[in-house]
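Can you read through this structure? Questions will come right after.
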Amino acid sequence: MDLAFTQEEEAFRAEARVWLEAHVPSVPLPSLETEAGFAAHRAWEAELAADRWSVVDWPTRYGGRGAGLIRWLLFEEEYYAAGAPGRVNQNGVSLLAPTLFDHGTEEQRARVLPSMATGEVIWAQAWSEPEAGSDLASLRARAVRAPGGWHLSGQKTWSSRAAFADRAFGLFRSDPDTPKPHQGLTYVMFDLRAPGVTVRPIGRLDGKPAFAELFLDDVFVPDEDVIGEPGQGWRIAMSTAANERGLTLRSPGRFLASADRLHALWQDRGSPAGAAHRVADALIGARAYQLFTYAAASRFLAGEPLGPQSSLNKVFWSEYDIALHETALDLLGADGELADTDWSERYVFSLAGPIYAGTNEIQRDIIAERLLGLPKGRR
Amino acid sequence: MRFLLDAEQRAFADSLHAMLTAADTPSVVRDWSRGDPASGRALWSRIAQTGVFALAVPEEYKGLGVRPVELAVAFVELGRHAVPGPLVETVTAAALLAGTGHAERFLPGLAAGEAMATVAYEGAYALDADVAAHRFSLSPDGLRLAPGAGAVRPCLDPARHLTALLPGGELLTTEPPLPHALTLARLATAAQALGVGLALLDRTVAYVRQRVQFGAPIGSFQAVKHRLADAKIALEFARPLVLGAALTLTPADVAAAKLRACEAAYTTARTALHLHGAIGYTAEYDLSLWLTKARALRTAWGSPDECRADVLGTA
Amino acid sequence: MDLAFTQEEEAFRAEARVWLEAHVPSVPLPSLETEAGFAAHRAWEAELAADRWSVVDWPTRYGGRGAGLIRWLLFEEEYYAAGAPGRVNQNGVSLLAPTLFDHGTEEQRARVLPSMATGEVIWAQAWSEPEAGSDLASLRARAVRAPGGWHLSGQKTWSSRAAFADRAFGLFRSDPDTPKPHQGLTYVMFDLRAPGVTVRPIGRLDGKPAFAELFLDDVFVPDEDVIGEPGQGWRIAMSTAANERGLTLRSPGRFLASADRLHALWQDRGSPAGAAHRVADALIGARAYQLFTYAAASRFLAGEPLGPQSSLNKVFWSEYDIALHETALDLLGADGELADTDWSERYVFSLAGPIYAGTNEIQRDIIAERLLGLPKGRR
Amino acid sequence: MRFLLDAEQRAFADSLHAMLTAADTPSVVRDWSRGDPASGRALWSRIAQTGVFALAVPEEYKGLGVRPVELAVAFVELGRHAVPGPLVETVTAAALLAGTGHAERFLPGLAAGEAMATVAYEGAYALDADVAAHRFSLSPDGLRLAPGAGAVRPCLDPARHLTALLPGGELLTTEPPLPHALTLARLATAAQALGVGLALLDRTVAYVRQRVQFGAPIGSFQAVKHRLADAKIALEFARPLVLGAALTLTPADVAAAKLRACEAAYTTARTALHLHGAIGYTAEYDLSLWLTKARALRTAWGSPDECRADVLGTA
């Protein structure tokens, strides 16, 4: 058992650091939840991609470096330590891409992934519906068979990034007559600018249009944009959802960097004793999350499935992230009220953590039932 | 000892509640946030007509005499309805000016609701200085009438317009009654926060009763029930601290009330946001008007650590 | 609305203070969960009773002063501020006595209460059974009709104080054929030294026999020791249970005194910054509990029923009490491990708070369903 | 980077676990608590035979070399089985003596399990000095062999016998390797606490699966499930901190591991006690053996605040 990286891994880390030092914008980009910020972040993705830093763990033929999980972790540590911008294509890279790797065709991968890697096409997710939030199996939006494809109709909501994105992916009910609600769903990619699509941006708490409602009226989608077998969407999406709360949604690098920034903020403010335990807990939590992830990655590389362990992960980082940013705002005092700081932007973002990717109640039910073996049933 | 609101106090709260309900305060808040204060000014006048601001002004200046219990009762309702504007600051300004040579100049207007006031304490931001008629700055050398205000900063609570006041200006007094004024500011903030928390709890209870997921109202799930029960406990134990502090006005009691009311409101906000799910996270849904205010009041007029230091006597 | 006490109330408070100053033992009594301590605490009850301080709120004919709720609150504040001993007859005074006031006969009150007030008879509670803890309706121990009374059989457990007490009270199933489990129960008082009773002391976490198992084998109880109608025990007990978590089980005086002692301990240890917020929260919590109780007492005296409000109370004080004593043990450092200190005795006692008198889960269900109006049913 | 126990380390843990399971450690703990250490001494020898104490002793003194990872693995199992005795203190003593002129005199016996050692740090109590063969006291002037011990104090964990050592005694060294020894003491305590927490969780999960109230196993209630899920999260995030600290041995990592493992164990103890209800609160039920230990380990070899100061670099 060891925590040492190979010379090659350290060299990769050093290369990433050098590149980031030279390229990370010295002035933070505008918020990516605004139109101008979205464009600036898209340009940053292109800059990353130009030197093959946007998706280091992907195969080279799609724009990556085939760097593997460990180097990806190291890259993420360097990336956030360098204060580099948020990733506007997170939905595509961490949700759709793994699905395509597992369930897509080679044609789909070749068509979709390179433009995702460069930020030319930004993807939004389109899971939720007004009556289907946590209870995703109760989806109603329809996919109706048409010659050479499908017609999508219905309403999606809380679609992250959809205000400014190009394309989206989600589940649609292709067979309304199945015995169980999670059957008869189909996994579809579609164009947000296709005829029949209406995008209504929704402002999040700070007013920024971080997501949108989508109204779909007979939107044609060709067969080539269906992932996997029609009717198998639930199973396919669940493997994506596991991914979402698993290893690759929130890298330890994000929290290590945030904890260090919090520590620096605390010191800047004169190391107030009343906040010492919260700052220490942030440093410790980031280290715990890093080592937990290293252990999970080691198990994964040794061929063990991760499974419901990822629910531990999801609850931990989502609550950690809020606590860290609450501490920061408290340290900022009156400045904590301001909306135009990095801290407040990240605080607002953190607040959504316990809600999306399966609420923390659902994760705790999974931990209790699947990891601890407690009886199912009543809630 | 009869630690209960009397019939008159309850009637005052009820009438204020009824008036604010009828006034559609959420749309007033949205106007205010957009920088259109006309509806907010109109509401301010109506609030003043019920006597709220007069409760912070001595009778000799056309007030009702300083009545902290009634003031607390009123601020619970103002918080419950997310009323915008420099409410706490106007009360604080009245307390700072009473007994000074400038009382006659400012207090009758404040009591009548003809003017709003804001106060910046030791270089902090002033709230809603873009709308307030009078902008006071407090510094070690005394109380000044600020010559102007800087640009409004964008805030997490868009209904709170924070601004730095320009330095200098007319020196009104070198010895304002600072401890008394800060006590009233904290008390009013505590009461306002309590009202914010109560509104968040009410709205969330209503939501989880009708929101169905997994074939049942989510309010039937034990995890949901227990989070709301905890919010209820926090609020119900903050309430007597606020009213008790209004009676005693001791620094420790007021600090305790400020701390607990704000913590209860913020905890309830976190619970409300979580149980609403994504819809709670949107600015267009009215819940956001209370959510963002709960966060802002935590640090206004005394951070949690400052309040704890006052309780411990180590401030 | 005011917090001022009348001159008469203040005089009563002063009288209590003077008496306590003169009588409270300067050296703490041995733990009341030991045989020697039990005897010493019984003697202390007699000393209190001799000057009518043991049950100030009871009518004078039973040994009280008819002092009422407000003076009782003031007495409790003085009592705990003076560092006076724990009350060995708490079960009798706060559980059985209110039941007798509400549901007993005058004959029962005249027979039972005076010896309770003097500590001559110490009462244990006998609610729980091995299969009926939180779910009290599933009781199995039987009361079988006999000439002039009943025969009790079965097993009771977690009977507080029963290791050394004289008599006990509890519910027994007198009719096994009722449609619902909480019907057919009868409320009975019985002698712990009667033929057929076996008392097996049980040590709590620190080994002290704070409770006992009771084995009952055809124990005869005369009709005069049944409270209320046979078969109505559940309803009668629930009014007692409401009392248990209501106003009179944990007086604010206890927590005000504990918070002040914690504050003093913190100062003695050099006011360590890391514990400041926990000490402040203890002071604030005690004040909140005091004012909450004053408000409840004011409502009660104005004729309003307390009802499910008492569930707020129970959750608050039980969690508060643990947090306060955990803070104290942390402040004590290595001395926090010692078992022979007041702090550790009270810490161990506090740990049981969330369990008895209706677990805090049950209280939160009640708060949610009866105070907030959330739907019943699933748990 | 391969942050996983290897097959040999896992086999070591498994064999220790199997041996301790077969040894009926709960009855050994009860003997020890009663002041009858014979069964505890026998168990100590068997533990030593698996090499546990040799893992803290250099090879030149008949040890296996200092191997912190294996030591942590072993201490998790010792905690899981609530093994009594001065386990951490024996390891700490070995670390204090290695490299001094007295290594040859003490270390082979400690490695072989022939002698138990205890250590009092700066006037604190020594653990199990009534049973230990060697009693060391650490003070600013160095490491001494204490001339004797005072009376055993009654402790909340009856299996921990705390005693003040008598002052004076043979001065062994004026410069013991203090930081290294404290690091090992904290690491071993952290691992032991983690094991205590894991055992508490296992036992509580088993209990709530079979305890029926209100017509259902209480483990089917969401409130119960979520408390146990939180305990699981706390323990699973403490585990990598403990193993990571064993690899790096940096003061910050070791302090973090100590803090989190002890907090997780104590949180789990609170949950275990609550979910067992009254039976968990009794000394005769075996759960108590772990409950009381979880509380004691919180402050042993570094309080939460001391650990946080090491993490912040303000110690």
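Order of writing sets the chain letters: A, B, C and D. Residues in each chain are counted from 1.
The definition used in the following text is that a residue touches a chain if its C-beta (ideal position, glycine included) is under 8 Å from a C-beta of that chain, and two chains touch if they have at least 3 such contacts.
These numbers were taken from a predicted model, which means no experiment stands behind them.
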item: Of B-C and A-B, pair with higher C-beta contact tally; value: B-C
item: Subunit A and subunit B, separation of their C-alpha mean positions in angstrom; value: 37
item: Rounded Å distance between subunit B and subunit D, as computed from the means of their C-alpha atoms; value: 51
item: Rounded Å distance, subunit A centre to subunit D centre (Cα mean); value: 40
item: In subunit C, residues with contacts to at least two other chains; value: 274, 276-277, 361, 364, 378-379
item: Subunit B residues counted as touching two or more neighbouring chains; value: 216, 220-224, 226, 304-305, 308
item: Contact graph of the chains (line, ring, star, complete, other); value: complete
item: Subunit D partner contacts - residues on subunit C that touch it in the complex; value: 128, 131, 133-135, 138, 157-158, 202-207, 211, 272, 274-275, 322, 329-330, 333-334, 336-340, 344, 347-348, 351-352, 354-356, 359-361, 364, 378-379
item: Subunit D residues touching subunit A - in the complex, by the definition given at the top; value: 1-6, 9, 69, 201, 205, 208-209, 216-217, 219-222, 224-226, 228-230, 232-233, 236-241, 243-244, 247-248, 252-253, 256, 259-260, 304-305, 308-309, 311-312, 314
item: Subunit B-facing residues of subunit C, complex; value: 1-5, 9, 70, 263, 271, 276-277, 279-281, 283-285, 287-289, 291-292, 294-295, 297-299, 301-302, 312, 315-316, 361, 363-365, 367-369, 371-379
item: Complex contact set, residues of subunit B against subunit D; value: 221-223, 226
item: Subunit A contact footprint on subunit B (complex, rising order); value: 124-125, 153-158, 160, 162, 212-214, 216, 220-224, 270, 273-274, 277-278, 281-284, 288, 291-292, 295-296, 298-299, 303-305, 308
